[in-house]
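The chains carry the letters A, B, C, D and E, assigned in the order they are written, with residues numbered from 1 in each.
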Amino acid sequence: MSESLSYASEKSGLPPGSLVHVGEVHEHEHKITLIDYNKSTLTRSTINSIEELLPYRTTDSVTWVIIDGLQDVSIIDAIGRHFDIHALVLEDILNTHQRPKFEEFDDYLYIVIKALSLADDDFNVEYEQVSLLLLDKFVFTFKEKPDALFESLLTRLSNDKSQIRNLGTDYLTYIIMDAIVDEYFALQDSFDELIENVEDELLANPSAQTLNTIQKIKRELIFLRRSVSPMRELLAAIQRSESQLLHDKTKRYFGDIYDHVIRVSEAMESYRDLIAGMLDIYLSSVSNKMNETMKILTVFASIFIPLTFIAGVYGMNFEYMPELKWKWGYPALWCVFIGVSVFLLRFFKKKDWI
Amino acid sequence: MSESLSYASEKSGLPPGSLVHVGEVHEHEHKITLIDYNKSTLTRSTINSIEELLPYRTTDSVTWVIIDGLQDVSIIDAIGRHFDIHALVLEDILNTHQRPKFEEFDDYLYIVIKALSLADDDFNVEYEQVSLLLLDKFVFTFKEKPDALFESLLTRLSNDKSQIRNLGTDYLTYIIMDAIVDEYFALQDSFDELIENVEDELLANPSAQTLNTIQKIKRELIFLRRSVSPMRELLAAIQRSESQLLHDKTKRYFGDIYDHVIRVSEAMESYRDLIAGMLDIYLSSVSNKMNETMKILTVFASIFIPLTFIAGVYGMNFEYMPELKWKWGYPALWCVFIGVSVFLLRFFKKKDWI
Amino acid sequence: MSESLSYASEKSGLPPGSLVHVGEVHEHEHKITLIDYNKSTLTRSTINSIEELLPYRTTDSVTWVIIDGLQDVSIIDAIGRHFDIHALVLEDILNTHQRPKFEEFDDYLYIVIKALSLADDDFNVEYEQVSLLLLDKFVFTFKEKPDALFESLLTRLSNDKSQIRNLGTDYLTYIIMDAIVDEYFALQDSFDELIENVEDELLANPSAQTLNTIQKIKRELIFLRRSVSPMRELLAAIQRSESQLLHDKTKRYFGDIYDHVIRVSEAMESYRDLIAGMLDIYLSSVSNKMNETMKILTVFASIFIPLTFIAGVYGMNFEYMPELKWKWGYPALWCVFIGVSVFLLRFFKKKDWI
Amino acid sequence: MSESLSYASEKSGLPPGSLVHVGEVHEHEHKITLIDYNKSTLTRSTINSIEELLPYRTTDSVTWVIIDGLQDVSIIDAIGRHFDIHALVLEDILNTHQRPKFEEFDDYLYIVIKALSLADDDFNVEYEQVSLLLLDKFVFTFKEKPDALFESLLTRLSNDKSQIRNLGTDYLTYIIMDAIVDEYFALQDSFDELIENVEDELLANPSAQTLNTIQKIKRELIFLRRSVSPMRELLAAIQRSESQLLHDKTKRYFGDIYDHVIRVSEAMESYRDLIAGMLDIYLSSVSNKMNETMKILTVFASIFIPLTFIAGVYGMNFEYMPELKWKWGYPALWCVFIGVSVFLLRFFKKKDWI
Amino acid sequence: MSESLSYASEKSGLPPGSLVHVGEVHEHEHKITLIDYNKSTLTRSTINSIEELLPYRTTDSVTWVIIDGLQDVSIIDAIGRHFDIHALVLEDILNTHQRPKFEEFDDYLYIVIKALSLADDDFNVEYEQVSLLLLDKFVFTFKEKPDALFESLLTRLSNDKSQIRNLGTDYLTYIIMDAIVDEYFALQDSFDELIENVEDELLANPSAQTLNTIQKIKRELIFLRRSVSPMRELLAAIQRSESQLLHDKTKRYFGDIYDHVIRVSEAMESYRDLIAGMLDIYLSSVSNKMNETMKILTVFASIFIPLTFIAGVYGMNFEYMPELKWKWGYPALWCVFIGVSVFLLRFFKKKDWI
């Protein structure tokens, strides 16, 4: 089911601030992963209740909490209570129809972005909403379902003792967002490849299937734009932000993501233009092929029409038709038939009709 | 009758500030509902004249006045007099062709928005203009007709003793606007569903009816945009407002509605793009189907044309046509007929014309 | 003659500041009307020379001077001299190809707007340029020709002793502009009605005439936009203006006109979209009708083609054609004719070609 | 040769600041005209070397130097040296592919605009680049070739002793630019006339020639926009400029040119829309005409097809065909022929196919 | 391979700041060229390691280092270490999918632009990313491959002792960028020429090849825009920059490049419009040609259809057909045949169908 077609109004009628999960329900168990690290040590564990987090509030280490699965509203509620998060933010975390956005609060920052990936079989883009809460010592990430999105990041974090582990929660937020936006390039490459294939198909053998693929790409691009284009605004807002949670040094890194997003976003715009051009080629090539067929058939008919008339003439029953009596009349007429055909074929050829 | 087609010029020639109801006249009685509440108590009553409101001016409670129906100009006039509302605002309340807007005055704020819903039978969007006056202790809402728009809100207000009832008139305004904008998502879902149906129809069996539906959606989107897109500006203006009637804390809530409006508004833009793509598919599929038919008919004719010519040849009356005398001439000719047909069918098939 | 097609270059080659009437010449006499009023009294008279105005410069009353007809350059020149108006303003008043605009000077404000109305017979929009000079005690309005544009306004001014007559020249300017912009709504209603008619015609019986009407509306909208869309900018500029000639209280009234102009302007944009959609429907319906006709004719021909072939076969003159000798050959063949026709009709019907 | 198609890269590889004439080479002699005037006197002379200008540097009069023809680079070089003009400005003066622009320097202002005119025979817009240098006591104008562009201006300057001659170099610059922009209106009128003609042609008798004209206008508009639309920005920059060379009083005059440019520019936009509409009408009318022809021919054929079948039936050689023996068989069949024709004609007429 | 179709995601999954070459791999050796100059002397040499640069850090001369080829990551790494360049900048230098951009750091400026050229054979635009680092005494340029891009610049630098060699690294940066942007004009000229050829082809003999060329140009323009349009923003940012590495005097030179970029960019926009117009002409001319053919063939058939009917009539075997007995029946019928043909030809001609 396409993201855009799930039910945006599920919550209509509820009071604002009600914690209800809105969006596609994934059948997975929810899971809370805790990563706590400083320059020297890193621990990774799976926890069951938010209360297990509370001791980390007094340590100096950076604590990253990954919540996979949003069905259990009580988890979100507990985070809200213990870390003093605004009710509207909790509501937004649970509603997976958010538009990418960045919101500043005194003690924390709230970021929503979309992780994009390709479904295996057909050319369907899958959207996963990732919410980030950036606190002084904590980073919370909320994902719709458990998947491998952060695996390579976690490996890197375990191995690499240098830069990442020295820096604070804002840098962690940066590498998380960078990992997500990097996936956009993978998507872009898939689009590149697909569009190249469709272009080859268009030149070689355009079919109704080609048209469907073109329309499908067009459709996906319409929805993609809704997830990608607000990212520019989001990252510009992060760079402009005066929040003390973001260090000036880290902001330049967000500037790097900003560049990536603009590149992806401009590529998407180019694809739209390319697709429009391909649609034109397709329609024109289909119509040309059709016209060619009709023209040749019409030429074919046009050659037989005068021949049939001549045969009709000599099928008339007039008593005085001298040609009918001639000995060589019949063979002569065959010569006429052949002569007329050859003449017409040449004439049509000269006119460039066949 | 579509909103856009009622008479915008009804008031032409009247002096500015004349209180005249402009817009569709609803056959309902007008009705004034009064809700007065504070943390502990809530009273709900129906009143007959504005004068009954005056005692509430000196209490500390929040008073919400719902006016259903705009035919009785004297009510609006009385409110204007007693609460010192600008003549142009009164005029705008009565004219239901307003564009959503927000206006600041020293002692009150004026907000116009459109409540959107779907008529039951056909796919017609119904527009109801809701005007809000936000005073220090009062909120006035003016609706075109009595309907269930605020019912769930009133129930919530009666039951829930916590947040809503603690906060002032600005928070009440927020929940009223939130309730109205929530309905937009219901509308968006209906569009989603309808567009999905039309897409299925397009693939399965496109008909002239499909084209009509596509055009109808397109038309509704044109009008919807006029009601939805000024909402962004309106909510941005509320957030920017320096008015003392709006508390900083409440402004974040209006920011939440702002996000909702942007999401609906972007969805509408996507629908426009989708509809344009669907129109292309429809036209191309209709033209393809037509062309296929014409091609097959032409091929059909092209097979009989040479056969008829041959039959015509042997219908000629030449005295010396040796084939006519042959015993096996007639059956042989049938073989020729069949042979020519088979050859042409194969040839056309090879050429991919049938 | 359409406004856009009169000669914009008539003044080319003349020095800037030359007072020459540029634009359509109306055959009417020019006429100067003087209205002088204060709270208690109002006098209305027709004057012949500008010099008659001079005594009013020292009174406290508001003096409104309406100049109908711009042929007599000496009047404009006299106003320029006596009231110290900039040469470029005088030039602009005389050139009726102006774009709506607002210009501030120390002692006066200059406003150009277009009064729009519908010509009686055909659907032609008529443009009349109205220039306003707003001075401390005077308002000058310059119109291209004498017409009833301000009649209802004058009546109101005579009867109503309250608000209008209390307030100064800026409020008078407001009600003049309001009267002109109110006419835009009348125009909008005519467009609504016309578009509704064309839509009905499109569904019932689209003809070449329908196409012409669509193109005509499209054309009028292109020109209308040039007159209406600068009005937004104009009214925003008036509201932003710091001029002492405009009181803060009156600016809110101009804000009301601003809203009206935006509504008209957005309606015009919607019409453009609607018209584009109607053109699509027209073209698609014409092409469908054409295709249907061709298809049915082709099916008709396709049924007779094999029949004619069979008749041709039995018109052949072979000596040994056993069927020709059979007693029931001829009636049997008629059965074949009918059988083939029925079979083909059913086949074509099944294929959904007829 | 169209302006856009001359060689923009002629200077590639040369160091910046190299003085080389880039652009169309005109076969004319270059010519330097000197006009020196103050309130009382005006002298006009043709000079041969820039050195003759030097004495005027110490007088109080305004000196206008018109350089016609840019082939002689040494002139530009000499002006650069004597009047201390930036190398890049000199380079830009010589390169006639400039975009209209305004540049401020401490001691002078540099303006590039395009003079537009119509070539006599065909509908080709001719572009001449005019560069202006505005100094304290000097105005230099550089034109590509000698022509009558400034003649009427010079006449006016000689005759009129009042305003122009009182004011400084900024006012002179204004009247020069005003003269050039006035020509734009002449061009606009030509477009008006041409478009009106094409519209008439479209209704009366659209031909391939009409399509060519439409495309030609479209093409010219594309190029025109590149010369006209930067003028808005240019004139806005002049009005915003803080340079001491421009007096506040004169800036209002530039505001007048600004209005003119906006009017021309908006007219050009309207033409683009009109042209797009005309292309639609053309294509639809050509396709309609074609379809009508095909339909009537098909109807014509459809009437003869059943008749030919019937004739074929009675040409069959069955031994037992009773009708053939009937005395009135043949005339009766003619009645059938006529009857069928009439019936089909009526049927087709009823179906609205002929 | 088109630039857009190489793999943007090669680096996905790597930590940010990893130095990996991303982009098309060129088979060339890398090469480091060092140019060191002051007013009096200039030395040019090829160096092998970055360490050879270090002595130049203490001289007063300007040092220009050209790195051709980005395969050897260790060079970039060494530059980063010795000159204290931000890790993200090094990463961007190595990734040749950058968007043109300008970044300010305290001690250096970073600029990425695209050098554009035409491949020899077909009409393919080649993109080479050029990165510039502007330090106090050093300018580094990083190119994808060794080519002649800077040759003419180097020659000029060796010969010309005046301006260039007097000025600092910012002026050197300017002339490097100017050299690259000058190539854009060469590209523009090629487009001009190509478009002119296609326009001629369109009028003379449009073929499927013409359509391919049109689509190819359209495609190249889509990609070109992504390289050219960010240049405006880039150069505006340089002009606005407050960096001490850029002198006010040099900024005006960058303003000159800015003008060039706008001109190229506007030309590209015009090409898009022209190409759209050409596509319209192509489609309309192909469809016209097709229609003409079909019409003439149909007219041809329509003439023979009634003749064949008449022949069929006199092939009937009625016993009583008086005409068959007439001596002049047969010649008379030929007259009828000819008469009918002539009449129909005239009729079709009059109807303007042939």
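Observations on the model:
Keep this in mind: a residue touches a chain if its C-beta (ideal position, glycine included) is under 8 Å from a C-beta of that chain, and two chains touch if they have at least 3 such contacts.
Quantities reported herein were computed from a predicted structural model and do not represent experimental measurements.
Chains compared, subunit B against subunit E: the Cα-based superposition rotates one onto the other by 145 degrees, nearest 5.
Per-chain CA centroids place subunit A at a distance of 43 Å from subunit D.
Here the CA centre of subunit A is 26 Å from the CA centre of subunit B. Looking at subunit E, residues 287, 294, 298, 301, 305, 308, 312, 315-317, 321 sit in touch with two or more other chains.
If the chains shown are joined wherever they touch, the resulting network closes on itself as one ring, and no chain has more or fewer than two partners. Circular chain order, beginning with subunit A and continuing to subunit E, reads A, E, D, C, B (contacts as defined at the top). Listing the residues of subunit E that touch subunit D in their complex gives 152, 156, 160, 163-164, 174-175, 178-179, 182-183, 185-186, 188-189, 192-193, 196, 252-253, 255-256, 259, 262-263, 266-267, 270, 273-274, 277, 280-281, 284, 287-288, 291, 294-295, 298-299, 301-302, 305-306, 308-309, 312-313, 315-321, 351, 353. Per the touch definition, subunit C reaches subunit D in the complex via residues 4-5, 7-9, 11-13, 15-17, 86, 88, 92, 97-99, 101, 103, 208, 211, 215, 218-219, 222-223, 225-226, 279, 283, 286-287, 290, 293-294, 297-298, 300-301, 304-305, 307-308, 311-312, 314-317, 321, 323-330, 333, 337.
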